[in-house]
Amino acid sequence: MTTLAIDIGGTKIAAAVCDENDTIIQRWRVPTPMDADAINQNIASVYREATAAGHDIQAIGVSAAGNVGADRKTMTFAANIPAWLNYDLSEHIGELIDHAVPVIIENDANCAGWGEYVHGAGQGSKNMVALTVGTGLGGAIVINGELYRGSFGMAAELGHLPMVPDGDHCGCGLRGCAERYTSGTSLENFAKSAVRRRPQDAKRLLELCGGDINKLEGPMVSQAAQEGDVLGLYAFNKIGEWLGRTMAATAAVLDPDIFVIGGGVVAVGDILLEPARYNYARFLEGSAYRGHAKIVAATAGQDAGLIGAANLALR
Amino acid sequence: MTTLAIDIGGTKIAAAVCDENDTIIQRWRVPTPMDADAINQNIASVYREATAAGHDIQAIGVSAAGNVGADRKTMTFAANIPAWLNYDLSEHIGELIDHAVPVIIENDANCAGWGEYVHGAGQGSKNMVALTVGTGLGGAIVINGELYRGSFGMAAELGHLPMVPDGDHCGCGLRGCAERYTSGTSLENFAKSAVRRRPQDAKRLLELCGGDINKLEGPMVSQAAQEGDVLGLYAFNKIGEWLGRTMAATAAVLDPDIFVIGGGVVAVGDILLEPARYNYARFLEGSAYRGHAKIVAATAGQDAGLIGAANLALR
Amino acid sequence: MTTLAIDIGGTKIAAAVCDENDTIIQRWRVPTPMDADAINQNIASVYREATAAGHDIQAIGVSAAGNVGADRKTMTFAANIPAWLNYDLSEHIGELIDHAVPVIIENDANCAGWGEYVHGAGQGSKNMVALTVGTGLGGAIVINGELYRGSFGMAAELGHLPMVPDGDHCGCGLRGCAERYTSGTSLENFAKSAVRRRPQDAKRLLELCGGDINKLEGPMVSQAAQEGDVLGLYAFNKIGEWLGRTMAATAAVLDPDIFVIGGGVVAVGDILLEPARYNYARFLEGSAYRGHAKIVAATAGQDAGLIGAANLALR
Amino acid sequence: MTTLAIDIGGTKIAAAVCDENDTIIQRWRVPTPMDADAINQNIASVYREATAAGHDIQAIGVSAAGNVGADRKTMTFAANIPAWLNYDLSEHIGELIDHAVPVIIENDANCAGWGEYVHGAGQGSKNMVALTVGTGLGGAIVINGELYRGSFGMAAELGHLPMVPDGDHCGCGLRGCAERYTSGTSLENFAKSAVRRRPQDAKRLLELCGGDINKLEGPMVSQAAQEGDVLGLYAFNKIGEWLGRTMAATAAVLDPDIFVIGGGVVAVGDILLEPARYNYARFLEGSAYRGHAKIVAATAGQDAGLIGAANLALR
């Protein structure tokens, strides 16, 4: 008895057949087409390959970047795929496989967070908040052992917590959203600002980007920070500060016992987590008079989303 | 079979015996002493009176202003009663009544919100957020029919959602908390500012406060606004705007289907709720692509807290 | 007796011979080279052409985008021309023309503002502030009939007044600078945000940019606003609001009698100026108890910079 | 040949006869009456005493807290003296002394700043900004050897520079004014917040205020900071940070060569000035590419205002 987990990313579709323990037993990877129909076709192809390979697929769990309706079937909106506007992704895929198995759609940050809850750093927690620090900032909430999806499927949009009135313009059309201050994109922005402000300290960052500040990317900042570069560390201190502030805001609502921080940026470990912890305590209401959530790095790795999607597909 | 509900307010302790439907069948009201022991004594006295009057009390539910631990027994902190610092209020009351019945402690905003859920405007909702706009701003969260208290009893502290970095100084020691922008206190502040800025429009507000702007109080602003006074309406527009912003921030986390707005200030109805609804939609992520929570006035009245405490005591 | 005025823009170098009344009597226009030396050569060529044509040039006045030292000779920094780092532009040009006439360098916003003072909307004012709303936001200050340049040539950098702590990232490396909220660039940003937030109202703006929101440009927003388009008007209301706020901040320092608003964006007239005036009064300290500066559109036209440079060259 | 300088403070009126070098040769001090007429009478009395004592008074210079018109005669508004609403203070005093000498009115921060320019830390500067950090935050600007008063007498209102949109409520009716973040009042606010947030570190501050946080006053915070108390130093770091930000904003307009910091709070010296300098450089546009203003403590002492008023009276 297996599930087929699908992770539709910006550039590639990852797929995996998982056993009843969510262990991956076979993998596929194909480019992500620009076209919604082609995406569906690709997923159906993988399903046919998987069954042809003898896997007894019980359900398909799809992790998708975008807003998923409370029905766990419909893409209500996705910034990168215009066709996904109130688009019944479950039904479109289902048609191509003769509705042989149920197709469950879930937001990508929810899948990754759930993966951490069932097989990663969130195991055993009571109320967990997971944050995925990638290009943007994704969130997932687990309450009493259940993924919390809200009344319209829009819960845990922590990347769009309003942190700064009249703040940085966000791709969502609002200003001052959390992901403008804590994400891979904002890491680059803070680093670029630092280079402009402190040219005398910018030697290493400029080396890494070949002298063209506009080509500076997140991994270069991570590398510089890990080497001890002062501007690289500055940029992490800033996104760490805002990660702490974002968690403090979240705690005013949810008061969880644990925050699990995932995403590529967290590979630097305490370079990010220490300023995050410090500022969480600094901005948490009643800090001196209450229990504090643990703040830990994710441990389920890059497959957290696939694992989470696999597990959710059968719940 | 009855419960005894106690509401410890800043100036008075209200008590009520409630039947199995949470209907109030007898009431008491005594002044709130300054002293923690005296408060306990008063509550024990009421309990003895109630049993002497023949009521079969099964439990005592206490609504208290302050932070209540996850055990529903301990006051971890209360701004107005210094002795309530990690103070086992349940045990102290219990001792005085020979532990005859269980004593359940709950935060006052949680009690009022729960009262709205079981007998007021929140009935039948799936995920409800209640906001009590009083001197400060209190919150309560109900998820899938259960009061959500968080891992350390500190959930739903929506009055301390950080809305403005470096904003107005809050009594909690942080700055820019939501209750500095939407509460009875902030209503007064916005009105006073308006009088200073627009003296030519301030005739009515100055009349109501006897010409001394420092004596302007919330109910005067409500009266002026209801008469159509331009500065009174301005002050409500401002706290309504921030109420809307606070709900939009809450929705980024919780995505509820309903917000129930209670507290004395909401007596003005749409004068507060219309700007709140407008700004909720204005600042809600993905506003054009999602379901929207209803925003309604509380209906359980001033007894919401007692009713909620009574109901919670037996759960 | 004439002066040669030079305006080094991002794409072209405009030049003009002006008579003693700053009237333009001959013009040139050449593309702006990427290279500092080539720019100098081009300017020297124009000078030689002008003298060959019989003009009795007394001085060269150069308007340049970037920071100019207090000596009116040195480019201390320019975002677009890296070589202009503590670069004695006056001397480099002077060498090429055998130091035949003095070469005076002035910041472009200062030239345009001074043009308005001597021949435009600022004539007869006592203390004038000019704001040029272009790609960014430039400022100029005239006090008691003199251009005010500050102690290091950096006065009137009003586009970098800090308006929002932790606000929008600015090209200067700081955040929340005024030009991130009131400029042609910010006009585009506000319009794009509005399209994302209110797709149902975005028909006209999407038409104008050919359906690709990333291709939306300022003049399209101006056109839409002038047609009465609701999102176009929204974007102007926002930059107008922040223009008003920026002027109120400036008035807290300088308390001028007039603000002259120039730049391409101001062609829409009251669509920009009305929200600017409204918000100036709204955010001005002591608004009810003081004289208010006039806020008017620039009148010297696109040649304001050349006229100003010509006039300044002989002062 | 002497002048009579008058400084009308909140609790007392200080007066001094000054010689042609602005040296004080005789002093008076009387309580400040609540009533505008009584204030005038007191000033006239002092004048009569001074002339009776044989001083050849040439002019009276009056330093007053409030807004002074461009005519240097009229109080346009004063928060503490309601009668001073477009009140010709010069004329009212003049009548009582038969217009024997001219009576010049000047804002108190302007007098103190001018005192620093002519006899204190600002001597020899080209463009000076003085900031007086008292209960509020006052400013004075000297440009090319002249006190700059603006077109309506409202220049240099640096305490009301808008630093934080939607920030702390200011007595002027606006929000987020600089003096809400850097002043004696804000020093108390930051210290009180710190005590609430960090009770474990609050021993010394609580001792100094007798255990009642509401009785904490600025001088106690200064004392604690000078003893090395961590919360006292925190409070100074915060007002120092905002002093730096306020100066950086001022420099975007004026680009002065010196800031002179006066007022009672500055007695702590570098405890305030170091964070101010650090944050000035941190938030100054083009910090790496420009000259920086000096930031120094005032040196003319508590008589700066009297000295400045005396000197201004004859200019």
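Read from first to last, the chains carry the letters A, B, C and D; within each, the first residue is number 1.
Throughout what follows, a residue touches a chain if its C-beta (ideal position, glycine included) is under 8 Å from a C-beta of that chain, and two chains touch if they have at least 3 such contacts.
On a predicted model such as this, the values are computed, not experimentally measured, just so you know.
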{"item": "Co-neighbours of chain D and chain C - touch as defined", "value": "A, B"}
{"item": "Winner on C-beta contact pairs when B-D is weighed against A-D", "value": "B-D"}
{"item": "Per Cα centroids, the chain farthest from chain B", "value": "C"}
{"item": "Chain A onto chain C, rotation angle from CA fit, given as a multiple of 5 degrees", "value": "180"}
{"item": "Gap in Å, rounded to a whole number, between the CA centres of chain D and chain B", "value": "43"}
{"item": "Chain centre separation in whole Å, for chain D relative to chain A (CA means)", "value": "52"}
{"item": "Residue numbers of chain B (touch at least two other chains)", "value": "163-166, 172, 174, 197"}
{"item": "Touch list for chain D against partner chain B, complex", "value": "163-169, 171-175, 181, 189, 192-197"}
{"item": "Chain B residues touching chain C - in the complex, by the definition given at the top", "value": "165-166, 197-200, 287-288"}
{"item": "Residues of chain B touching chain A in the complex", "value": "67, 70, 76-77, 85-86, 126-127, 139, 141, 143, 148-158, 160-165, 172, 174, 177, 245, 248-257, 283, 285-286, 289-293"}
